[in-house]
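The following blocks contain the structures, represented as structure tokens.
Same chain, two partners: chain A is paired with chain B first, then with chain C.
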Partner chain A sequence: MAISLSKVSFAYEKSRKTGPLYVLKDIDLTIDTEKNDFITIIGHTGSGKSTLVQLFNGLLTPSSGEVNVFNKIISSKKKTKLKEIRKRVGLVFQFPEYQLFEETVLKDVMFGPKNYGLDDIENRAKRALQSVGISEELFNESPFSLSGGQMRRVAIAGILASSPDVLIFDEPTVGLDPKGKKELLDLLEKLNKVDNKTIIFITHDMEVVAKAATRVLVLDNGNISFDGTKDELFRNEKIVSDNSLILPSTIRILKDIKEKLNLDIDIYKYNVNDAYLELERALGGQK
Partner chain B sequence: MAIIEVNNLTYRYTKKKYALKDVSFKIERGEFVSIVGHNGSGKSTLGKLLCGLLQTKHGEILIDGIKLSDDTIDEVRQKIGIVFQNPDNQFVGVTVKNDIAFGLENRNIDVDEMEKRIKKYATIVGMDEFLDKNPENLSGGQKQRVAIASVLAMETDILIFDEATSMIDPLGVKEVTNAIKSLKEEKTIIYITHNLDETLMGDRMIVLKNGEIVLDEKIDNAIKQKDILTNSNLEPLEQMELIELVNKNNLNRKEEVEKVLWQSAYQK
Partner chain C sequence: MNGKIVFGQYYNSNSWIHRLDPRVKLASVLLFMICLFVVENIYCLLGFLGFLFILIITSKIPFVKFLNSIKMMTFVLILTFILQIIFRNDGELLYSFNFNLTYLAIGIMVALLILWLLFSKYIKYLKNLVLIILVASVFIYQYYVNFGGLITIYNIDIYSGGLLMGSYIVLRIIALLLISSLLTLSTTPTELNNALEKMLGFLKVFKIKVSILTMMMSIALRFIPTLINESDKILKAQASRGCDFNEGKFSERIKQIISLIVPMFVIAYKRAYDLADAMEARGYVPDRKRSSIYVLKYRLKDYLVYAFDLGLIAACIFVKVRYAF
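Right after this comes the complex of A and B.
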């Protein structure tokens, strides 16, 4: 099973003189959902990330080319029933406010499961809310009387509750406090590894890429400029600088130490513990 | 005289719970103060109270010596600007240009000056090529850039950024914040964020927890307060954690390593 794009271009607007203003250009891409990847999508402001993922579940229709989601075709020429697709491919928007609309937090999270005809909807919703750290005292509040980070958590719960096969998150850690961010990442890694869900995760946060990604896509001005593993990405200085990316902090730190203290270090470590062990090795151990 | 003085400020949205509880601090002109704290700790509430968008009888706020009240609110708004957590809540214009102009029109600024500022601040945030676009139709990071430009254009002495750069790519954040810091007029900046890396740009850090201040210190000291930070849902910087490990295990050349780690924390 897969989501695949062939020769997909997308324009929101047309210019009278020059025709469609493409924000995605001629994209070929396959996401094989049997591989259970944790895919992160990165790239600078306006490069087309949010647009790309909205093609994955039919929120947007390609201007040309074809999107194939689990053998259902979405193209400008063909109308497809989208409900079945959305049940299997869930998306959390970049702005949680776009997603929230019910009177209470709990009703909001129950909406998805109800809409897709799932059973036991109230319990599903409660479990989803608890998994993102929203406590019972907020269940009956209006989602619009929450703080920014609380709203984000509710929007995420709204998708988790329907348990789709593919979960797409558009900058979900924005607005979360660091503890909330860590817990979300742990939760998503568990969904990915234990429940075999494919995760697609847009972010500017290289720590997320460092921690969780098994595949990284870099978007640059409407094109996919890189598609590979995080190691392939971060070890390639040209790709990093051409795409104005920064390195994850442990790599940056080790690189600094390597240069300033003239040590022989493998800088490609993705967490503090591994970085420390490498440092200990390079310095010849303890005093 | 402090440009911002807050005395015993308390705020509740509903009877059930305090959003802010007995908060007091002073900020000097030209200071860059970061405010951090867990989700729901009261950061945005504080920002809104400071610029008069929320009001309370419990406690007082003085801006540039003027006590904030119904009578002084117009005067105070000339001195303080806030970029909201969600840029959509801020847009009023149908084009980016309109949007930046809106606040200026309200202040009776003449047309030439207005054009000048629109160009200047759109350029600072890297959005000068988008002046005719509808802000609703921008990407997340582009929206945040425009929201920042609209507030900068008012040229207020005090600027509050409420997670205002959270969707901008890391190099973009650096460009925008450097540009703001280099504005020649001396700005007082309150920078709300969840990212401790970013607080290193500033002079001082205030940590809120359940509506109360649990830490208010110069930045160099503040980022070492591991327990307080962790208890407020924050994560210590990787550099701090490495320094701790290097010292605990008494590594060879630990002094040199520690020095490089400190430098690397600040150079970003």
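Right after this comes the complex of A and C.
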């Protein structure tokens, strides 16, 4: 057990007249890092997604209830050493490129490991930069001379360099072109499958959910309204319509084909290959 | 730093003071402040304070809001009062206190100071009250206890003149605070800015471009909440990289503050360029004559307030001249 929330509520203090504004209400949640899950969190704007992930590494303290991260407890009653938590749970915000500040790319990536007092800082930084695909000739450039996509990758390397066990991304693909988006997703899948990191990923993009997720959380108005696999999610028509989710493209196409041709097929396929095989099976001997 | 940040302390209650023309309010506040400095008579000052309270009550703004602004200045007020009492010695002698300065007393003072420096950060509530009690107890100790190696006896004399002057100055500062908070509580920053633009219009004679200055000011005001929000984000992003602004050696802390300042500059510049482009796209040309969405127009009550202002300053000058000779 790595991250667990029990009866966690979070409220932003408002004036006495309106009372506290609850963003999260009574949340119970367990994230097991042994499983190497790729967790996506979806939900409307303002449903509390960003607040939830900021609780995971102690950037926010719950108003009531307890957050247990690697056996360190964060609650409003107790003060905990947050640095150790943040070392193990890395968080990448939206537009992370704004956090760059050093003179060179390498130095900026070294900032995190240095703060956490890790050893072999320079090699860690170089490995992190290489894993996000930044070539060596850029290491001594100023981070502000890079392109937007490169800056974002450097910023992500800045988190990877302190090798956290859990990586949280708050809509990291916003503002990237399709190619940059795909590269970033491939990187995250590699981190998940090869380096065995648990990934928590906030997104609005159902294609990402269809492609990579092994577990999906749906947040609705401060409550977790769904927690399960993507297959369970997309098969649950009520959840899909309640949260006005758009089904992934393969499912939509298969659904259309099923209706038009009146075929008996399972439309819940998440990549082109599976969809093709299903169609081939259904059409059988027919042309 | 969480949630929405509202800049300024504007309190909307739609009273007659809120509906006054901001130019009138600004001018009246300035005149009122001048009057406060012109009169040197404690009865006039009390009269001003009474008048201020009537204004505050009719403004329908909760009095707590005004207390907050006074609270911030408590320390200055107390200090001025005490200094006036100690150092002014005209009028008649009211009390004379003899204090025994002993080695033991000095030792106790040093010990208390060290204790305060070490433990003051653990006191959560009423920190100032604890400090005042500590300081007072040091003096009470010196008043009653005279053993422990007497060095010298010193005395503090309280004269009626000092008491009068002390309370006079304190009341004047309170009146200044009240009138200025009345202005900021009843007027939005935008309104104030428009009033300034109109009132400083005469500077055109000296080739000073007032409209540009006020535009800069309103942009600055507009961007304070945005930049606070951005700094909050950067703060969190750097905290995720193990940056801790409360720990570490001095040189490390400087480094960590730089990790906040550099991104803030980058963001501020980017925002400025974006805004400049957006303004140009909408045809903004600096210093061109343009109409305003807020048209300021004097009404009858505005003229009445102006007339009252003139009467007030005339009365003040009259009192001053009359009692000066």
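As a working rule, the second predicted complex is superposed on the first by the 260 of 287 C-alpha atoms of A that agree within 3 Å, B and C clash if a C-alpha of one lies under 4 Å from a C-alpha of the other, contacts with A are read in each partner's own complex, and residues count from 1 in each chain.
Note that in this section a contact is a pair of C-beta atoms (placed from the backbone, for glycine too) under 8 Å apart; a residue touches a chain by one contact, two chains touch by 3 or more.
Model, not experiment: these values are computed from the prediction.
Engineer: Contact-wise, after the overlay, does A:12 reach chain B, chain C, both or neither (first, second, both, neither)?
Structural biologist: Touch status of A:12: both partners.
Engineer: Taking the superposition on A as described, I'd like to know which of chain B and chain C A:21 touches: first, second, both or neither.
Structural biologist: Only chain C is touched by A:21; chain B is not.
Engineer: When the two structures are overlaid on chain A, which partner does A:262 contact: first (chain B), second (chain C), both, or neither?
Structural biologist: A:262 sits against neither chain B nor chain C.
Engineer: If we overlay the two complexes on their shared chain A, which of chain B and chain C does A:159 touch? Say first, second, both or neither.
Structural biologist: The second partner, chain C, only.
Engineer: Who contacts more of chain A, chain B or chain C?
Structural biologist: Here the partner covering more residues of chain A is B.
Engineer: Touch test for A:144: chain B only (first), chain C only (second), both, or neither?
Structural biologist: Second partner only.
Engineer: Is A:54 contacted by the first partner chain B, the second partner chain C, both or neither?
Structural biologist: The second partner, chain C, only.
Engineer: Figure out whether A:112 sits in contact with chain B (first) or chain C (second), or with both, or with neither.
Structural biologist: A:112 contacts chain C only, not chain B.
Engineer: Now for A:100: first (chain B), second (chain C), both, or neither, which partner does it touch?
Structural biologist: second
Engineer: Touching A:71 in the superposition: chain B (first), chain C (second), both, neither?
Structural biologist: neither
Engineer: So chain A touches chain B in one structure and chain C in the other; where do those two contact lists coincide?
Structural biologist: Shared contact residues on chain A: 12-13.
Engineer: Provide the residue numbers of chain A that touch chain B in the complex, in ascending order.
Structural biologist: Spelled out, the residues of chain A in touch with chain B are 12-13, 43-46, 49-50, 94-95, 97, 145-150, 153, 170-171, 174-182, 204, 206, 244, 246, 249-250, 252-253, 256-257, 260-261, 272, 275-276, 279-280, 283-287.
Engineer: How about chain B: which of its residues touch chain A in the complex?
Structural biologist: For chain B paired with chain A, touching residues are 13, 37-40, 44, 85-86, 88, 126, 137-142, 145, 163, 166-172, 194, 196-197, 233-235, 238-239, 241-242, 245-246, 249-254, 256-257, 260-261, 263-264, 268.
Engineer: Sort out for me which residues of chain C touch chain A in the complex.
Structural biologist: 2-3, 230, 233-234, 236-244, 258-259, 261-263, 266-267
Engineer: Would you pull the chain A residues touching chain C in the complex into a rising list?
Structural biologist: Chain A residues touching chain C: 12-14, 21, 54, 57, 59, 82-83, 86-87, 90-93, 96, 98-101, 111-112, 114-116, 144, 158-159, 162.
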